[in-house]
Amino acid sequence: MTTSYNRLDKDNAAVLLVDHQAGLLSLVRDIDPDRFKNNVLALADLAKYFELPTILTTSFETGPNGPLMPELKTLFPDAPYIARPGQINAWDNEDFVKAIKATGKKQLIIAGVVTEVCVAFPALSALAEGFEVFVVTDASGTFNELTRQSAWDRMSSSGAQLMTWFGLACELHRDWRNDVEGLATLFSNHIPDYRNLMTSYNTLTSAK
Amino acid sequence: MTTSYNRLDKDNAAVLLVDHQAGLLSLVRDIDPDRFKNNVLALADLAKYFELPTILTTSFETGPNGPLMPELKTLFPDAPYIARPGQINAWDNEDFVKAIKATGKKQLIIAGVVTEVCVAFPALSALAEGFEVFVVTDASGTFNELTRQSAWDRMSSSGAQLMTWFGLACELHRDWRNDVEGLATLFSNHIPDYRNLMTSYNTLTSAK
Amino acid sequence: MTTSYNRLDKDNAAVLLVDHQAGLLSLVRDIDPDRFKNNVLALADLAKYFELPTILTTSFETGPNGPLMPELKTLFPDAPYIARPGQINAWDNEDFVKAIKATGKKQLIIAGVVTEVCVAFPALSALAEGFEVFVVTDASGTFNELTRQSAWDRMSSSGAQLMTWFGLACELHRDWRNDVEGLATLFSNHIPDYRNLMTSYNTLTSAK
Amino acid sequence: MTTSYNRLDKDNAAVLLVDHQAGLLSLVRDIDPDRFKNNVLALADLAKYFELPTILTTSFETGPNGPLMPELKTLFPDAPYIARPGQINAWDNEDFVKAIKATGKKQLIIAGVVTEVCVAFPALSALAEGFEVFVVTDASGTFNELTRQSAWDRMSSSGAQLMTWFGLACELHRDWRNDVEGLATLFSNHIPDYRNLMTSYNTLTSAK
Amino acid sequence: MTTSYNRLDKDNAAVLLVDHQAGLLSLVRDIDPDRFKNNVLALADLAKYFELPTILTTSFETGPNGPLMPELKTLFPDAPYIARPGQINAWDNEDFVKAIKATGKKQLIIAGVVTEVCVAFPALSALAEGFEVFVVTDASGTFNELTRQSAWDRMSSSGAQLMTWFGLACELHRDWRNDVEGLATLFSNHIPDYRNLMTSYNTLTSAK
Amino acid sequence: MTTSYNRLDKDNAAVLLVDHQAGLLSLVRDIDPDRFKNNVLALADLAKYFELPTILTTSFETGPNGPLMPELKTLFPDAPYIARPGQINAWDNEDFVKAIKATGKKQLIIAGVVTEVCVAFPALSALAEGFEVFVVTDASGTFNELTRQSAWDRMSSSGAQLMTWFGLACELHRDWRNDVEGLATLFSNHIPDYRNLMTSYNTLTSAK
Amino acid sequence: MTTSYNRLDKDNAAVLLVDHQAGLLSLVRDIDPDRFKNNVLALADLAKYFELPTILTTSFETGPNGPLMPELKTLFPDAPYIARPGQINAWDNEDFVKAIKATGKKQLIIAGVVTEVCVAFPALSALAEGFEVFVVTDASGTFNELTRQSAWDRMSSSGAQLMTWFGLACELHRDWRNDVEGLATLFSNHIPDYRNLMTSYNTLTSAK
Amino acid sequence: MTTSYNRLDKDNAAVLLVDHQAGLLSLVRDIDPDRFKNNVLALADLAKYFELPTILTTSFETGPNGPLMPELKTLFPDAPYIARPGQINAWDNEDFVKAIKATGKKQLIIAGVVTEVCVAFPALSALAEGFEVFVVTDASGTFNELTRQSAWDRMSSSGAQLMTWFGLACELHRDWRNDVEGLATLFSNHIPDYRNLMTSYNTLTSAK
């Protein structure tokens, strides 16, 4: 009995960044803030790098939830940006779903704050409509580990695939030869250990 | 292949609070007591807020298990209250099941102490009778993490959905515009980080 | 869609205690030794209490693996005792399987050391032959948490149910009224928090 | 309802060691380095001991990823060694798949660095082609526990079996009588607690 | 050789609450937010209960640091309230020190956010001027455990005594007979486990 | 520069067991309950074994704090037993101090619940009167690790020595030859790992 | 009895950055790499911001220890840079000590990799020569927590003060009014939670 | 005020290895067994490498405590070996102290199992006789972290210096130029991360 491998394809994938807002970020306590900020920016950088259609959305951004992380606005100046007037599940917002369908992609990469709501709700809605869903677990944050584990269990049981940004980048890239420097730069900017490897390597090889 | 999204519907859901008794609470060691007390009261407040039919039950409350948390009695003075004479699985008590069926709801939200018994047993019984079951993992407590993980695995494998009270509230509410103030008050009363956001926000906006 | 609830039935269950040997116990590092010893003895006591047919087996007990915990020998002087000459999977030993089948029970409660071998192998074999399998996760120990999680995943994926001794006792007992004192004694002997509740309760009520 | 037990068979299994390279090893932070090094060498020793066909592969070994752990090269001087020119998923490399198919084995034991990429990608590819896949979780490492848990969930959901090297050795060996000394030596070399048991045992029995 | 016991004396102690502001509270990650909020309010309640002179101070409260927790303002409407215009070490603010000296007390109980700055700086300044300093470690929060441990080491090395609110209450109260009900109420309001004990006790004794 | 070694001397030491009461024990969350119960009983057993004068005291035992652990009463039927009418610091109770002075010992071994109050207060009082104080850290419990660390810092800074029951037993015993069997029995009864060593050892040596 | 407060003074302090080299950084496992990188850069930025004389040194940078983090070279192009030919304790290198003494400062702020060697050795040497030493604990890394705790104990016992970069910045700055924007920028660049506060604050106040 | 730096001097130091016996090692649970075994062997290797006089001692090695780790016997065939007939504190054994004094060294490096007994007792005795004591914390093991922390506090308060084997090696070696290859080999054999650095470095530089 074989199992199908729903493999990410950069020509068939879109990225949804849901509610990474300054206020909501203060609720995230299942990941250290330095690490979490880095993960979100890494995901944004990879979306950019692979030129994946990217959609931004926020919930009540004029209230205590606060404005979108400014870095995301800067990175995606032309992306569809849906400031939802009230819908908690972004999928309940017609503009959001329209924007997704306009991309024509069938693989949805989703990250957001908080995991069990802003990520899980649209993930479950998308699965119910036949999309393949890839949750970026390390660019999604929530109150604590217990909540995260509950949310993962619910999404995984419904068929969502749990991935982290590094695996995402690798699966999308397929082969280093497609662009060694581009991928290495992405890694160097977001993985201190990898940057160290490159620093040592470059010093030694340029010293030849 | 699509996956159905069994989404909570406030018109089709009932809440079962099982054995949150003063004695049994001293057995709960997988969640910090300040956090656990807050989670249970948050769940009770949301049941109240969404006017979900709520059913209280206790096990042997005149023995060492002790009386129900008084706050729950106060919050739900008119709720069905089943002091079980001996049945460990609340579902084995006819009055309990009758009270559930009397609500006419098909979605059951269950929390209790301890997770692997007072929650898992009625959850598995309810699933076997065709109900949709939502376990409130952070308002259910037990001896330690190993026990919790075993209980979650058993319930999840049988089709129960694992959620926390915050996700529950969001999925039931659907849209902030249904009542901004009500939901915000619920969050402010039970999420210190959210309360802080609101304090700062209100100060700044009222200062205008 | 309903899910069947494979509920433990004391008239249809047998207990398999696999390789709780003095040497092997020094390999167990995923559970604190005071807690683990207590869990194993609690499981043994409950097997005794519910008069479940119990089968003991050891692996190479004359070598470094060491003899069976003496407490188990003492508790079950007449139980089938299979000192396996070499088979690592107890199910590969004909006498062991014969002893199980002789009980006529279809629900097997298994605990042992180490989890991913002495428990998982016979659990998977039993499932393949159509038994219902209940793994007692807190009376089974292994090298570390990573190993435990791998073993649980393998067993759960094949249909084993993960339980702890307390849940087991509750599911087997069904109703406190079947014997309040017996069950309370079992809990008091193996759950310090419950013993404390009973001490306070008894003092207060006898003082009346 | 029975569940099939896909049991490891030493006559039908091959081992794939993917990208255990000096540079990449510095990325592994979900397992302590002393323990991880020991696990990888234990897996290599058992592949050797059971004479399982073993295939080595590396990714970009002349760059910062660094050379293969020298111990592995030394242990398997004649094994197929595929230094991939760029493919991230080893399964995308024809020579790698050819080498696997040349073994004629249907059970693949996979370990590598990092888990969610170098292990998960070929594991998912192999499952999709009908192989049985056994992931050696403790000889596979990655950035942190959150990443590991995501990777495990993805592989397990697709049917991969999660095992650790000790369970692997036990399932392959089947019966101590096949070679007591060989297996005991393997354990003594890689499990300090087991070595201690043997030291005490040997001293006491040789003192007779 | 004897060691002097600098014992808290309710007639010689004042409480300093430093910078418990809505914005700064989002920086606290070494204590769970539910627990931290409870600890701060418990400290405030005990200051009230023992009628200790209490001084409130804030840093830049009109900027991102945010306003003081409203609960504190409400509890101490008449306490000296020093909104510092810029001094980071509250002791550098003359009004603050003047308010302390006006109390005539020699024992200072200090709590604040963040521990290594808002607590440690005035604590070290006070010690240098000959005050006895009692740091309320569980009502003081900071970025992470490493930071907390560094701050504790610095303060303890200079002679500050590290205490938690419960110990403080007990040392100030000296004897339950001074007011059983008052102290019990304080504990019941801020220690869920103690509240449970009281619930069970009251039920049993009132049932007589 | 030499440092004096204040070494425990069984002819000069007394044991104080402070407030190990059924209710208060439910507050202890910095040590697992199975382990804590074992540690307290181990300390009691060693006091008995070394025939150290032992003094029991309780706080408000007729209220929610509950009665003394019955095991302690049974073990020390003739020990001074001071049920304090209200003093929180046992040293404030004249009978308690009188009982201590009546022993004529200068080394006080103290354990109790909770650490920062019932242990720390009398420890600091005793140090101030010139006693040598040995705190039994693993037979003393409290709310959480933060509280424990604060209490340890306060006591250690005042000159108390922090020990655990095993070290205590070893320092009191001095030489195995004083009574091999007695000490070994104490260890076997309270250290599962040591019991396992003895089981294996006895089996192998008696098999000769 | 008063205790002197050795308070940091920006006119009397120098910064020593010891061995933050690409190879050695891979040894650091007591702090998450994203956090550690951020801490080191924050310390460097604050040295720059307060214009503290800063000295860089490396150990064997042409060998496996690797080159200095390039960011540090870039930030301090004109700082004394001592590439030590072999001395492990930087204080054994005359040029290093000469550079320190040339600054004329008596307060030394030290950070480095690994804590117990590259930080502790020069710290102990400097203390022995009468300098005040401030260890930046969160910009110093080592193998694991056990090693860190040992190193801290050794340094603290000799009089070193343990601080983190944030406390350092606050103690050096003294008063926000000295430069609100400068300090806020430093915090915003290195504390994601603080950046979020500022983002929300700025949005709300600029919206007026 | 200066603080003396009691710096290790390889011409004035001796190593004491106390009770690293096969049975006692099974009691060590505060350090992972792979890591602990490595640390003990690293300490032994460095004693050998620096030609420090080394003394071995055991407690009751013919009983359940078991024989000395064979590796230590092999490494130090000619070292004084004191099999103590019963003294728990090795310093109470005249031969042991005589052997130490015969070395003429004033700095004692001590490691052993278990920390609070076999290490702490001789450490405190040696300090009382005027020796400088360096405890090798990572080559000393005990039951759990609570016990370790208590033991460290007791030793540190008496003036013992807490170090780990790596710091020891660095402080003894002083300057890489004394023998680059020797020290690098020691590190490569016992620090996997350092070995990886060397592997990459050697490959790159030999490739030139």
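Labels for the chains are A, B, C, D, E, F, G and H, by order of writing; each one numbers its residues from 1.
As a working rule, a residue touches a chain if its C-beta (ideal position, glycine included) is under 8 Å from a C-beta of that chain, and two chains touch if they have at least 3 such contacts.
What you see is a predicted model, and the numbers here were worked out from it, not measured in a lab.
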{"item": "Proportion of interface numbers common to chain A and chain D (over half same, under half different)", "value": "different"}
{"item": "Distance-maximising chain from chain C - centres being C-alpha averages", "value": "G"}
{"item": "Label of the chain whose CA centroid is most distant from the centroid of chain H", "value": "B"}
{"item": "Rounded Å distance, chain B centre to chain F centre (Cα mean)", "value": "41"}
{"item": "Between chain H and chain F, distance of the C-alpha-averaged centres to the nearest whole Å", "value": "31"}
{"item": "Cα-centroid distance, chain A relative to chain F, in whole angstrom", "value": "54"}
{"item": "Chain B and chain D, separation of their C-alpha mean positions in angstrom", "value": "43"}
{"item": "Sites on chain C at which at least two other chains make contact", "value": "23, 26, 29, 32-33, 66, 191, 193, 196-197, 200-201"}
{"item": "Chain C partner contacts - residues on chain F that touch it in the complex", "value": "22-23, 25-26, 32-38, 66-67, 69-70, 191-193, 196-197, 199-200, 203"}
{"item": "Residues on chain D engaged by chain F in the complex (per definition of touch)", "value": "197, 200-201, 204-205, 208"}
{"item": "Residue ranges of chain F touching chain E (in the complex, touch as defined)", "value": "23, 26-27, 29, 59-60, 63-66, 85-89, 92, 114, 116-117, 120-121, 124-125, 127-130, 143, 146-147, 149-151, 153-154, 157-159"}
{"item": "Complex contacts: residues of chain A adjacent to chain D", "value": "1-5, 7, 31, 137-138, 152, 156, 161-164, 166-167, 170-171, 173-178, 180, 184, 191, 193-194, 196-198, 200-201"}
